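Sharing a structure, written as structure tokens. Questions coming.
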Amino acid sequence: MLEIKNLHVAIEDKKILNGLTLTVNDGEVAAIMGPNGSGKSTLSYVIAGKPDYDILDGEILLNGVNVLDMEAHERAAAGLFLAFQYPLEIPGVTTMTFLKSAMNAQRKSRGEDELPVAEFMKRVKAASDRLGIAQDMLRRGLNVGFSGGEKKRMEILQMALLEPQFCILDETDSGLDIDALKIVSEGVNVLRDSKRSFLVITHYQRLLNYFVPDTVHVMAHGQVVKTGGKELALELEASGYADYKTLAA
Amino acid sequence: MSAVTIIRSKTEQAILALFAKHKDQLQGQGSFGSQRAKAFASFEQTGLPHRRIEAWHYTDLRSLLREAPPLAAKPASHVVQRAAEKNWSTDQIDATRLMLVNGFYDESISSFTMPQGVKVTDVYKALSDPSSKNFHDHIGQATQSSDPLIELNTAFMNGGVVIEIASGTKLDKPLELRCLVEGIDPVSMHARILVIAGDDTEFTLIESHQGPDALSYQVNNVVELFLGNNAHVHHVRLNQSGNYAVDLSTLAAVVGAETSFNTFHMVNKPGIARHQVFVKMQGEGAHLSVNGVNMLNGTQHADTTLAIDHAAPACTSRELFKTILDAQATGVFQGKIMVKQIAQKTDGKMMSQAVLLSDDAKMNNKPELEIFADDVVCGHGATCGALDEDLLFYLMARGLPKAEAEALMLAAFAGEAIETVENEDLRAILEAVVGDWLGQRAHHVE
Amino acid sequence: MAAVQDTIDQVKAIDVDQYKYGFSTELEVDKAPIGLSEDIVRLISAKKNEPEWMLEWRLDAYRRWLTMREPEWARLDYPKIDFNEIYYYAAPKMNAAPQTLDDVDPAILETYKKLGIPLREQEILAGVQTSKVAVDAVFDSVSVATTFKAELAKAGVIFCSISEAMREHPDLVRKYLGTVVPVTDNYYATLNCAVFTDGSFVYIPKGVRCPMELSTYFRINERNTGQFERTLIIAEEGSYVSYLEGCTAPQRDENQLHAAVVELITHDDAEIKYSTVQNWYPGDKDGKGGIYNFVTKRGDCRGKNSKISWTQVETGSAITWKYPSCILRGEGSRGEFYSIAVSNGRQQVDSGTKMIHLGKNTTSRIISKGISAGHSQNTYRGQVSAHRKATNARNFTNCDSLLIGDQCGAHTVPYMEANNASAIFEHEATTSKISEDQMFYCQQRGLDAEEATALIVNGFVKDVLQQLPMEFAVEAQKLISISLEGSVG
């Protein structure tokens, strides 16, 4: 599904990723853990195509196609989805309008017809019910005045409706209380299938209790320094990141 | 000479006569004379600013200035002696003091020694001394040449002080500039103060003004402030001018890169005041904070006019002004934030709030944005209204008499702006001025 | 998705090089000689068969205008207008005043058809529009057709050209004309008094809710011709009317002058909702050509609890100088101003409003959204004042500016004058650009840069767009979208 080969990335002359290599297979849930400043969020932005970064070397292949040549919206249409750590607010644009616009823009670029309104509404209703999102929230400006937890749920709602192939969850657990974490995890679990892969970026392992990964990668100094199974997350929880901070230095 | 086209007010005619009478006696005939003549010619052409001039719409000097008193002369020794005996609200503050009497610097009643890195020059002497290079190089460089008050000041200036602060100088005591008007006859004064501070300087400058009540004197001071890079400067202006005074003043500052400049202005005494603050943010990453409180009563008219010029990238500016108006007072706030095209990443916010305590009071608010760069976050707000009646009732229901409840709310209202002053002693003095003003008002109310 | 697509289209429409109303219509024209003089004023008055008092009124205005000077306070930069290089009267040649649409030159009907403005009632009824809209079509200096007059007359509503009103309802015209915008109000208004040629007249009798939306569609066609129209709307006690105007002009290299005056009067409990979609030719991307739009619009809330609401969508004109205002005279009256001003290319906009609170308990609300792009300059200028006797006056103002590109300017100049303690004014203004993070967020969800911009802009102007009457939303959309639906021809 996703292959990252020898990725070197800098922002404003500061090197963040130093030859990162990572593979996520079809249907796999891969967790990326690491101390603050290890480059986790940079990785998510670079995959999604945020313009501020300088790609110095390397490749990112989605199903064999290098996405580095694509603009952000083209990557989205190709099936990449990033659940933002800090979702943006767009005043005056209702969540409903936004969802519909995004969905149809993606369908259009894939050469598909627009979704009939009734079908769209049906899907939105089903997905928002599952995530405990009230309908009136969908008629308010996107993320405007939403709590941290509401914003994160809105991200998962978008993920559910846009049906991406490859989902990146960037610190989705931050700012969530335990009940919200459960709802969000259930929302994501429902989307898990053999065709869809996930990259879960997190500092703590608590999300991984509810959304159990197949593999866990530890990132430090812009590289993957260790890879293991889900038990690695528990190890990290117990021992902390202290060992990794010096490892690649 | 036939005055076919230009109709002059009586005051304007008097000003023309003053210039004709004094121009040959003022200091700096040779080198400075032509600057003077040019400035006066410009004034001659426009006359006193009036309501049809956009920047003077709410403060029509042509109708507000009823007379042009004679120019103040250099004070005689007995006047200086009396000046030395005055009490000031800042007396408890340990400061290095510079004294101006009727617009003339007087060394004899100023602090005996200046701190290291500080050099003081008398403008009266510098005007006719070509070797006072810094004075001649800097004069007029921080100001907008088109401003009528500055033109008048340039035409008539005969005194003032130049304060040079060498790069790297960090003053532990504030510098205080005391401007006193002393005498029994109405006079007009046009002092010029230049502060030239180098890179990496840190200091606090207090500007205190005092003058006799019931005397209709006129002051038109201009302070030019040149701040180098990476400086940290605090400035507070206290105005205890006389209640009949016409107090016109301009602070023009040029701010260097990474420099922070915090300036606070209080107007509560003069009968007519126009206080202009023009700041040019010339270096990248500078931070500016301009704040003030105006408290007006009787038939006072006070105008605060700001022009904040973002001429370099990534500067921030914050302005907060509070106006309290009682009786038949008129308040004016004009604040303009300008963002040049080069000034990307500008962050500017301005707020003007006014409380009207009387139906005869007037408030004119004109905040303004002028933006030529796209990557900016700028905003302004303005509010105006009476005191919140619900809150007033709440306080009265807790047992406070009306006057006290109002005073409490007003003190809090003014306090928000005073909080921006870092120096604790100065904050206390400003709060005391507010307290006194409210006390007098309560006295009238009851 | 429709809403997004519409916005994209609107954003495209503001690209000055894509102005699609730029065609002109070849017609035989009855023109006054070029230039301005008392004779021209007399000629215009004679062409309209005006009563003597009207001619005197015009001549008086002309003489006063000669002593006046052009205002210079606006943030506008344009070469001095030579008022003697303008034709003050141009009308399509017609044998007599058209009685029915069949008398109107087919070329004119075709023009309106191209513009998407239905003039044939049966076509409107057969069309997709669910509700009826009556149209007064003003072509250069004259009104060529007014629809649904008969049906409106049944309700007692008078809707006709102002020329016709002067002949048919002289008492009403004489009673109200020039009472809101005095003859010497300003340079352009005074000029308009002298030379106005046509415009619309609306009278809603006591207690009547106008049974349909009214609209006027202004078209400048002739070269070097100024358009000076005059609109007068009177709403008697307890009545209501919603009115929309639209404006377009051919693409020409020279600048053309449009100086209109609009006067609104509401009596007790009456309400006028006035909406404008202004899309005069803005000039090309280098600033060549385009309409100079100097307009005086003012409403007088004379009666208690009456209300006047201005909504404007300004996308056209090389120069816009326009401040639709409300005089809140009646106790408890209310004024509203909702504005979207889009500027691109070399356009210059200096627009805003005045809310003059004279009566007790009067309220006003101002929402202004400015969008500047290209090399344009966009200024909001607004005045809110409360008179000494306007106790408990309330105003809320919100002005937001959005900058697209780093060569344009956005300016905000509010004047707030409170003359009594119980007046409460609140004003807030912001200027910003679309954040890169917002853009990336939208793009990550699959929208391309243009779509993302459109979506965010759409959100930015939403509060104002919502104010356009539903019935006209379709028409406004159509007026805007003509420019997009490919070439005319």
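Order of writing sets the labels: A, B and C. Residues in every chain begin at 1.
In the analysis below, a residue touches a chain if its C-beta (ideal position, glycine included) is under 8 Å from a C-beta of that chain, and two chains touch if they have at least 3 such contacts.
The structure displayed is predicted, hence computed values, not measured ones.
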item: Farthest-lying chain, centroid of Cα atoms versus that of chain B; value: A
item: Innermost chain, where centres are averages of C-alpha coordinates; value: C
item: Chain centre separation in whole Å, for chain B relative to chain A (CA means); value: 55
item: Distance from chain C to chain A - Cα centre to Cα centre, in angstrom; value: 49
item: Interchain centroid distance [CA atoms averaged], chain B/chain C, Å; value: 44
item: Residues of chain A defined as touching chain C within the complex; value: 48-52, 71-73, 75-77, 80-82, 84, 87-88, 90-93, 97-98, 100-106, 109, 114, 141, 158, 162
item: Residues of chain B defined as touching chain C within the complex; value: 54, 57, 341, 344, 354, 356-386
item: Chain B contact footprint on chain C (complex, rising order); value: 73, 388, 391, 401, 403-433
item: Sites on chain C touched by chain A in the complex; value: 1, 3-4, 435-438, 440-449, 451-452, 455-456, 458-463
